[in-house]
Amino acid sequence: MIQQENMTIISHRSIAKDIYELILQGSLTKQMTSPGQFVHIRVTSGSDPLLRRPISICSIDQENGQFTMLYRVSGSGTRVLSEQAAGATVNVLGPLGNGFPVEYLTSGQKALLIGGGIGVPPLYELSKRLTERGIEVTHVLGFQQKDAVFYQDRFEELGKTHIATADGSHGTKGFVTDVIEKLSIEADAYFTCGPSPMLKAVEQSMPEVDGFISMEQRMGCGVGACLACVCQVQGDETGLAYKKVCTDGPVFQSGEVVV
Amino acid sequence: MIQQENMTIISHRSIAKDIYELILQGSLTKQMTSPGQFVHIRVTSGSDPLLRRPISICSIDQENGQFTMLYRVSGSGTRVLSEQAAGATVNVLGPLGNGFPVEYLTSGQKALLIGGGIGVPPLYELSKRLTERGIEVTHVLGFQQKDAVFYQDRFEELGKTHIATADGSHGTKGFVTDVIEKLSIEADAYFTCGPSPMLKAVEQSMPEVDGFISMEQRMGCGVGACLACVCQVQGDETGLAYKKVCTDGPVFQSGEVVV
Amino acid sequence: MSRLSVELPGLTLKNPIMPASGCFGFGKEYSRFYDLSELGAIMIKATTKEPRFGNATPRVAETASGMLNAIGLQNPGLAHVMENELKWLEQFDVPLIANVAGSTVEDYIEVSEVISTAPNVKALELNISCPNVKHGGIAFGTDPAVARELTKRVKQVSSVPVYVKLSPNVSSIVEMAKACEEGGADGLTMINTLVGMRLDHKTGKPVIANRTGGLSGPAIKPVALRMVYEVSQVTSLPIIAMGGIQDEYDVIDFISAGASAAAVGTANFVDPLVCPSIIEKLDQLLQSWGIDHIHDLKGRSWNNAGEAAYHRA
Amino acid sequence: MSRLSVELPGLTLKNPIMPASGCFGFGKEYSRFYDLSELGAIMIKATTKEPRFGNATPRVAETASGMLNAIGLQNPGLAHVMENELKWLEQFDVPLIANVAGSTVEDYIEVSEVISTAPNVKALELNISCPNVKHGGIAFGTDPAVARELTKRVKQVSSVPVYVKLSPNVSSIVEMAKACEEGGADGLTMINTLVGMRLDHKTGKPVIANRTGGLSGPAIKPVALRMVYEVSQVTSLPIIAMGGIQDEYDVIDFISAGASAAAVGTANFVDPLVCPSIIEKLDQLLQSWGIDHIHDLKGRSWNNAGEAAYHRA
C-alpha cells in the first residue's frame, strides 16, 4: 500500500560536494521492503516548486523506523530541501515502484553492482541485502571527480569497491565500464543505476550476463496515472507497448526496455 | 537612502492569537528614524509568494542595531514568514515612506494615539518618541476580541491606555470612537493607524483636531514606481491629483487624502 | 439534499468535485489511495479510436507554480477502454465523463457514438483543445465555426449529454463558448492548458521532447477564473471549471465565478488524496459559513448570489 | 565590443537588459538604488495624450508565482512627460523606449509624433495590448488588420524606429506579428500581460477594482517563451522579450528562444536591484561558458546557434 506521511528529519548533512544525506523517521518506513524503490518528496507547502521529487531509498533502518536518502542539489526543489533542518518534517509519498530482485541470486553467487553519481545510493541497501544472503558483492562506482565521491567506506565494508572518476582525481580515470573491462570482473548478475549513457554502456558491455537496470525519467504523479514517465519496450515495433518507470520500474531486467 | 539587507532573526514569537513579534538585526536599522515608516519584506527566495509584504516598524533599538515588527498571520506570505526561526535571515527593503511627525507637538501638549488591530504596532515607537519629548500621550487601542490584544502593558508604561474590543471580551465593548466619545478625551493632535473604516470614523469624530492618519493600500513595488497604491486627494475633482501611500505616505495629515 | 450535491445534464453528482481528464488515468492508480465512489465524477483520460503511444519523453517539465505536459493523448484505444477500463470502473458508484479526442470529425463521431453507450458514461467531454497533438485537437478549439459543427455532429450520435472542453489559447473564449452553445452543447468544461515552453538553460533546447507543452497548475488559475467569469455571464450552459485548483477555497472561487462544478488536475500529482480532502473541507467550510448549498454562491462574483447567505454567516 | 552590447533599430545598447514599461515609472524611484546609466535602455511608463488617473484601487493582487495589475495607464500626459520626465532622464547615458498608448488611432499618432522628437527617445513601443483600459488598448492588439494599419500610420509620423508590443491574449500571436511586420514595424516587444482575475475567498468579489487585471511574473514565463519561440521563426524583426524574467538564466532562455534583448517587469518589485544584478551575472555566466557574445546563443532553441560555442565551453 502506498501512503504519504510528514516524516521527521532526524539528521541532515552534506557528505560530498552538493550531496546531502537525509535521515527521516516515521511509520512509512515499515512499508519499505525492496531496495531500489523510491519515495516522492514534497519540498514545500507552497506552489513553487510545485511537483514532487523522486529520490531513491538508500538505506532502511526498521529498528528505528528510519530511512536514509542521498541527494544532489541540482535545481530549485533539491535546493529548498537542503535548507530544511533537523526537527522539521518532509512530506513523503511512497515507497513507490519495483526494486531490485534480491532473490535472483543465491548464497555463493557473485553480484556486480554498478553505480554512477547520484545513481549510487539505491545500491547501498541492495548491497546490504545481497551480502546478508551470502552473495559476494563487487561495487564499481563512478563519479565526476574526487570531491563528489561519497559512501566509499560503507561500500567497502560490504565488498570489494572500485571507484572511477571522469577526471582521474580519485580511483581509476574513466568510466565504470573501463574499470569492469580492465579488471574483467565476473558476475552471475549485475545491478546498475545511473545516468542513461552509463546504463546503455553497461548493458552493451555485458550482453551475456543477466542484469537489472534502474531507470530515470521525469515524473509527474509517480504513481502511474499521468503517463509522463513511459519508456519503450525493446523489440516493440508498434510503439504501443510501453512501461511506466514509476510503477513498472524503476528497475527493469536488461533487454526489457529501451534504455 | 533606501537599502535592502538580509537581516538576522534575533527573536520570533507568538504574542497573541495569530500575532507574531519579530526582532531583526542588521545595519539597516541605522536608517530607521521616523515612527510610522514601514519595511517591505521578502518571505521566500522562491517565486510563491512573489511580492514583498509591507509591515510597519514597531520599535527601534539603535543601541543593538535591532528593530521589531508585529504582524498578523492572515495569508500565504505572513504564514511563510511565521515559520522562520531565530538565526535565519529575512530580506528587508526599507525603511520606506514618511512616518508620523514627532515634532508636530511640543512638551506639555497632549497626543491621542488611536490604533486598530494590526494598525497598533507603529504607534508604539511613536508613543516612545512623543513621551521622550515630554508630550502627554493617551492610547485608545481597538481589537477584535480578548485573545487578539497585544502590547497593552507596554503602552501602559508610556501613558494612559484604553482598550476596546468589538465583542466586549476585554476593555470597553465597541469601537475606538466609542471610547473617545465616552471619555471625551481631549488632545492637541491625534495620530491613528488601522483599517479604513476606523480611520474614516476617527477623522469624522474629531473634525476640529489636527490629526495624522496612516493609510493602508495594496502595494506592488513599495518605492513609488508602479502606481498600485495611489489614493485621491480630498477636494480634487479632476481625479488627476493623487498621492502614493508608499512614498507620499503612509502617514498623511487628516483632510489631505480620501480615506 | 446535501450541501454539495449537484445536478447537471446527464450527471447526478454527490459533490461537485472530480479529477480532470488526463490527470487520473482511468482511476486504477488512485483507487489504491481511496474509494473512488467518494468522487462527484471522474473525467477519464482522453480516448481515441485507435491506440496511441503519444509523444517521446521527456513529457513533463516544471515551471513556476505550474507544469508543462505533452503526453500526446496516449491511450489504449476505444475498444480496449470499453472492454477493460470502463468495465473495471463499474464497481464504483461514480458517474464517468468520457474525454473524447481525435484527428478528424469522423474520429470524434465514431468514438462518441460508441463510448456514450457504456452504462457508466453519463456525459461526454469533447477535447477540442489538446495542444499536444499535431492534427486536430487544438485546431478544433480555436475556430468557432469548426467547433460549432463538431458539436452538432457529435450531438447527433451521442446517447448522453455532450460537454465541450474549451481551450484558453484564443482571442475570445466567449465566442468559442457561444459557438458550442449554438452547436447544441449541453455544457462546457474549461479550461484546458495554455501552450507553453521550457528550455534547458545550458543547451538552450526545449526540455519537452514535443518542444511545447500544456501549462497547468496554480500558475494558470487567474486566467481560468477570468474565463469562467466571462463565459458564465453570456451563456446559459453549466460549466465544469478547472485550472490550478488545489484546495476548497479555489473551488469556492470558481463557483463564485459562475461554475457549477470543479475539476482537479495537476494537484493530484502533488497530493494523491487532494480530491477527497477538498470534498471534506468544502463541506465543513460551507457549514461554518452557514451556506445551505454550494450553488447559493454560484456566480456571486457578478451577480448577487450568496450576498444574503454571506451576511447571514 | 563587449559580450553584452547589442545593436537594434534605433538602439545602441550597452547590454540587452532593460526595465519593462509600467514597472519602472520614469526611472526616478529606481535612481535612488543605482545609476540608471548602467541599464541597456529604459522602457518608460505608457504615455497618453491627456493625463490619466487610471483605475480605482485595489489595483494589484498577488497570484501563484505572479501578480495581477490594473493600473489603467495612469500617467501625467504627453506634455508633462516631455517637459519633466524625459528632461530629467537626460542626465543619464541611457536610451529610452517610449511606450505609447491611446484610445483611438489619432491618439497614438499624436503622441508618437511628438514623443519621438525627444532627444533621448530612441524608439517607440506601441502598446496595443494593455488589457486594463476600456477603449483601445487590447482591441488594437487582437485584430491583425487593425494592428497593421495602426503600425503603418504611426510609422509615417515617427522620427524613430517603431516597436509594437504584442498581447498574448490571442489565438495566433504569429499572425499578429506578421501583421505588424507588414505594417512596417521595426521590431516587436512581447509579451504584455495575460488577462486574469482573483476573487476574494469570502465575499466572492473580484479583488481588483477593475475586476480583471493583467497577469505578469514567473507564472507567465512558459507562455512568453513559447510565443517568442514561435514568432522569432517566422519574422525577421528583432524581439525584445519579457514575461517573468527574474535572473540571468531567464534572459538566456529568451535569447535562446530567439529574442535579441530582454526586459524585466515585475521582478523590479521583488528586488529593486534586479536589473544591474542580472547585467553583472549575465556577463559572468557568458564568460564562464566561453561565449564571446550573447547573440551567439540567439535562437539556439530552434537553430544551431551556440552549438559550437556550447561545446567549446
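We call the chains A, B, C and D, going by the order they appear; numbering starts again at 1 in every chain.
To be clear about the criterion, contacts are C-beta pairs under 8 Å (C-beta built on N, C-alpha and C of every residue); 3 or more make two chains touch, one makes a residue touch a chain.
For clarity, every value in this text was computed on a predicted model and none was experimentally measured.
Asker: Determine the groups of chains connected by touching when chain B is not counted.
Answerer: one piece
Asker: Which chain has its C-alpha centre farthest away from the C-alpha centre of chain C?
Answerer: B
Asker: What is the distance in Å between the mean C-alpha positions of chain B and chain D?
Answerer: Once rounded, the distance between the two centres reads 36 Å.
Asker: How many angstrom between the C-alpha centroids of chain D and chain C?
Answerer: It comes to 34 Å between the two C-alpha centres.
Asker: I'd like the Å distance between the centres of chain B and chain C, where a centre is the mean of that chain's Cα atoms.
Answerer: Centres of chain B and chain C (C-alpha means) sit 45 Å apart.
Asker: Could you list the positions in chain B whose residues touch two or more of the other chains?
Answerer: Residue numbers touching two or more other chains: 47-49.
Asker: Touching two or more other chains, which residues of chain C qualify?
Answerer: Chain C, residues with two or more chain partners: 64-66, 217-219.
Asker: Thinking of each chain as a vertex joined to the chains it touches, would you call that graph a line, ring, star, complete, or other?
Answerer: complete
Asker: Tell me, which parts of chain B touch chain D in their complex?
Answerer: 1-2, 4, 42, 47-52, 77, 93, 217-231, 238-240, 242, 247
Asker: Under the definition above, what is the set of chain B residues touching chain A in their complex?
Answerer: 44, 46-49, 76, 80
Asker: Given the complex with chain D, which residues does chain A contribute to the contact?
Answerer: 47-48
Asker: What part of chain D is in contact with chain C in the complex they form?
Answerer: 63-66, 68, 142, 169-172, 194-199, 201-206, 211-212, 215, 217-223, 225-226, 229, 244, 249, 252-253, 256-257, 297, 300-301, 306, 310
Asker: Which chain D residues qualify as touching chain B in the complex?
Answerer: 22-25, 28-30, 32-33, 51-54, 57-62, 64-67, 69, 71, 74, 217-219, 246, 266, 268-273
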